[in-house]
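Listed after this line are the structures, all set down as structure tokens.
In the two complexes below, chain A is the common chain; its partner is chain B in one and chain C in the other.
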Partner chain A sequence: MLLAQVLLNGLLLGGLYALMALGLALVWGVLNIVNLSHGAFIMLGAYATYFLFTQAHLDPFLALPFAALALFVLGYAVQRGILNLVIRGPMFNTLLITFGLEVVITFLAQLFFSADFRTINPVYAGTNFDLGGLTVPQVQLMAFAIAIGLTLGLWAFLLHSRPGRSIRAVSQNLLAAQLYGIEPRRIYAVTFGLGTALAGVAGGLYGTVSQINPYIGTALTAKSFVIAIIGGLDNPLGVIVGGLFLGVAESLTALYIGPTYTDVASFGILVLVLIVKPTGLLGRTA
Partner chain B sequence: MNAPLLTVKNLRAGYGEMQVLYDLSLDVHPAEIVALVGSNGAGKTTLLRALSHLLPWQGDVRFDGHSLQSLSPNRLFALGMVQVPEGRQLFDRMSVEENLLLGTLAGTARDALRRNLERCYGLFPILAKRRKQLAGNMSGGEQQMCAVARALMSGPRLVMIDEMSLGLAPVAVDALLDTLRLVRTQGVTVLLVEQDVHSALHVADRAYVMESGRIVREGPASELADDPEVQRAYLGL
Partner chain C sequence: MTSRTRRILLTLVLGLPLLAAVPWIASPVLVQFGINMLIMATLAQGWNIIGGYTGYSSFGNSVFFGLGAYGVGIAMAQFEQPFWIGLGLGLLLAVVFALAIGLPVLRLKGHYFAIATLGLAEVVTAIVSNVPIAGQNVGLVLPLLKSDVLFYELSLGLLLVATLVVFWLSRSRFGLALIAIRESEEAAAVMGVNATRYKILAFMLSAALTSLAGGVYAYYITFIDPAGAFDISLNVKMIIMAVFGGPGTVLGPVAGALLLSVLSEVLASKVTNIAGLFFGLVIIAAVVLMPRGLADLTQKFRRSGWRYFAQNIRDHRL
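And then the complex of A and B:
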């Protein structure tokens, strides 16, 4: 029973991980930028949700669309104004500039939000229900459902809508996309905005299940990176599998080895995947 | 003869310091098939890249009266000037049908999309059979058909095709040339850029011969095919 409960907790956590990694994988796959500031955008999404909850008294789950919209606009502007300068540049330049962004955003967050730990605690925060002897925390379940729903939604968007197809076109063949009426600069900005919007929602959900402070970004970028490597960049479903896998692996590690070793497990898995199957468990990586 | 659909006057272009095209001029009239032939390195692909704004250039180029200098690639595509680039450049990890759909203008109505798809499948029945297959997994000939069909999806007025026959079996080249003849009767103008001088001159109405970034000969395709110098230089006769 304990094992089943731990597995359930791992899966619920994993859904959230998948959503965190989704934006990173999308941007990586289309813009060929490993966005080291991805976690900082997750952090901003968490604070946006926090302030909408505490100041505007909006239910945190209803605040998510606003957090997503704000982060989309921010991401679009950051891509247009800053990242466009290094697009198709050497990998080192993109790493350097996104690392710099991460530092600046974190510092500004510390300046404006202070370094205090905060939590988003709606009245139903402690509500659980029982499922055949297993305890299912309501907030975690809602976060999980939203995360999986958004990931599937993005998948459908990329596969079946015209803008989604244009995004894939730019990532697969830039020259042909340009010749057939697609403006790569616009696609890049929209894609980066989508990536940060997804980060924003992931951050809001993270804030409902965990404490937030300005420094949570770095570790979340690293975890997102691990998931993107495991799941590959081609397919949002790979990111779901990678996220669930990582969530379960961390939960099992916490149970059998100790909660301080969860990062050893996640990055150990990264190293193993890179050695054994560098193309990712499902399909292609960059 | 009608006013030309495409006029190129004194076009100069190159890569950085290296000039490739020198005061190049040519015309393409509506519903013509015009061949631009020349050996490797003559600057044929550079010309197409310049016309699609993938390279900076100077000169006076007009498409249907609009000066190209002020038109974005996007706008050119919307006006009906499309290119089938060298090496086909399909979206390899998408299905044939998705490749074709990406050849249409944004905002095309659903039933118009359907009609265009059916028209392209009519021109290339093999693509209808392969519609769900990934474009990158098809044979070279099928991929080239897919690339030409993608270019025709938007109902263009001018299709510029770069090295269509490169690496293809003769039977595939013949099938493609037949299709070009057919779409020409439907009002589509074709600029065929080819190293395969023999088949290009066979299908074209008029032709230009290019050497070292300049037009060195022009005239009706049949005359050029009989020109002893062209025969010696390009046809191996």
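And then the complex of A and C:
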């Protein structure tokens, strides 16, 4: 029974992990930018939701679309104004500039939001229900459902909508896409904006299940990396698998080996996956 | 002798005595700052070999730094051996680790290599935190040697060795092979370069220099623990300094490390509350305006002036 409960917790956590990594994987896969500031955008999303909840008294789950919108605008502006300027440079440079962004965002967050720990705590935060002897925390379940829903939504969006097709076209062949009349500067900015909007939602959900402060970004970026690598960058469904896999692996490690070893487990898995199959568990073989 | 060689030698001949004289004229605080700065420059130079010349952006160099530090720590604190034995032990650990890890990991390219080495760094940190001989989470306390002058000159010597190694690299067959690998691994292989062997040798060389810096630093601060010795942000700093100065050049990473160290030190003492912000903005501005680093800037700025910055943006924007 303990094992089943731990597995359930791992799966619920894994859904949220998947959503965290989704934006990173999208931006990485389409724009070839490893966004080291991804975690910082997650953090901003968490604060946006937090302030909508505490100041505007909006239910955190209703606040999510607004947080997503704010983060989309921010992401769009960052890509359009800064990242588009260096995107054709050497690979180090995009890595470096997003690191610089992370430093700036974290600093500003600490300045405006202070370094205090905060949690988004709606009245129903502690509600659980019973499912065949297992305890299901309501908030976690809702976060899980939203995460999976958004991942599937992104998948459908990329596959079937017109802007989604443009994004895929740009990632496959920039020149050919331009010849078909796609304006890459805008599509790149939209893609990055989508990535940060997803980060924003992930942040809002993270704030309802865990504590937030301005410094959570780096660790969340690292986690998102691991998931994106495990799942592969080819399609959002791989990211779900990567997220669930990591959530379960961390929970099992915490149960059987010890909570301090969860990072060893996740990064150990990361290195193994990279060495055995660098395109991800579900990715195409190179 | 080309003009570039002459400039490098001139910088060394003029700069060295000046730098070496610092501990005898400057205040103790400045000497301590100098030690940190020289160690950082050595690390940036070590990263330059694998990251700048070979084009493999390693996030595992902080592991080599940590192994070097722990070599000295274990030898001195646990076995009461002299410093030099510890330095050798750390060097051995780092080079063997680079060899063992290089074989599987150097097959990966681009981002994947960067992230695999990042993952390894996390794993090694966690392992060291659980090894009794390395003091586990508590760390090790080394015997105290109160001589900043000695550490300063030692760090300077180490930076000199690292720079000479890179200088040699820049004009040897070995270095040319690394550059060929960076530019196109397939093309290099076609030209008969054994890419795997050269990459691993470059990784080991980078590991060796980095571990020596780690060893000196451990003895200097007399205390090491896993979180400090294997700090990933140290690796990020190496990269920033090398890239800011100019990766794949002889003096670029040193110049980058010196300039950024001074900059962040001055900012931290003058305007503490915005130092972090400024550092981030400098990185962003540097990547946008001078993506090939200081080395490229000093070469071309004289010819094209301010248009140099506009040209960079035009070259790399979408």
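Criterion: the second predicted complex is superposed on the first by the 283 of 286 C-alpha atoms of A that agree within 3 Å, B and C clash if a C-alpha of one lies under 4 Å from a C-alpha of the other, contacts with A are read in each partner's own complex, and residues count from 1 in each chain.
Throughout what follows, a contact is a pair of C-beta atoms (placed from the backbone, for glycine too) under 8 Å apart; a residue touches a chain by one contact, two chains touch by 3 or more.
The structure displayed is predicted, hence computed values, not measured ones.
K.L.:
Overlaying the two complexes on chain A, which is it for chain B and chain C: clash or fit?
P.N.:
fit
K.L.:
In the overlaid three-chain picture, which partner chain does A:Tyr180 touch, first (chain B) or second (chain C), both, or neither?
P.N.:
Touch partner of A:Tyr180: chain B, not chain C.
K.L.:
Roughly how many degrees, to the nearest 10, is the angle at chain A when you join its Cα centre to the Cα centres of chain B and chain C?
P.N.:
Computed angle, apex chain A: 90 degrees.
K.L.:
Mind telling me which of the two, chain B or chain C, contacts the most residues of chain A?
P.N.:
Counting residues of chain A touched by each partner, the higher count goes to C.
K.L.:
Going by the contact rule set out at the top, does A:Trp28 touch chain B (first), chain C (second), both, or neither?
P.N.:
Second partner only, chain C.
K.L.:
Which of the two partners, first being chain B and second being chain C, lies in contact with A:Arg168: first, second, both, or neither?
P.N.:
The answer is first: A:Arg168 touches chain B but not chain C.
K.L.:
A:Phe225 in the overlay: touching chain B, chain C, both, or neither? Say first, second, both or neither.
P.N.:
Only chain C; A:Phe225 stays clear of chain B.
K.L.:
After the superposition on A, what does A:Asp234 contact: first (chain B), second (chain C), both or neither?
P.N.:
In the superposition, A:Asp234 touches chain B alone.
K.L.:
Looking at the superposed set of three chains, what is the minimum CA distance between chain B and chain C in Å?
P.N.:
Between chain B and chain C, the minimum C-alpha distance equals 11 Å.
K.L.:
Which chain A residues come up in both lists, the one for chain B and the one for chain C?
P.N.:
Common interface on chain A, chain B vs chain C: nothing in common.
K.L.:
In the complex, go through chain A and note every residue touching chain C.
P.N.:
Touch residues, chain A against chain C: 28, 34, 82, 84-93, 95-97, 99-104, 106-108, 184-185, 188, 222, 225-226, 229, 260-261, 263-264, 267-268, 270-271, 274-275, 278.
K.L.:
Would you tell me which residues of chain C are touching chain A in their complex?
P.N.:
Residue list for chain C touching chain A: 51, 57, 104-105, 107-108, 110-112, 114-116, 118-120, 122-123, 126-127, 129, 236, 239-240, 243, 247, 276-277, 279-284, 287-288, 291, 313, 315-318.
K.L.:
Which of the residues in chain B come into contact with chain A in the complex?
P.N.:
It comes out as residues 52, 54, 72-74, 77-78, 82-83, 85, 89-94, 98, 101-103, 105-106, 150, 154.
K.L.:
State the interface residues of chain A toward chain B in the complex, per the touch definition above.
P.N.:
The touching residues are 162, 165-166, 168-169, 172-173, 175-183, 234.
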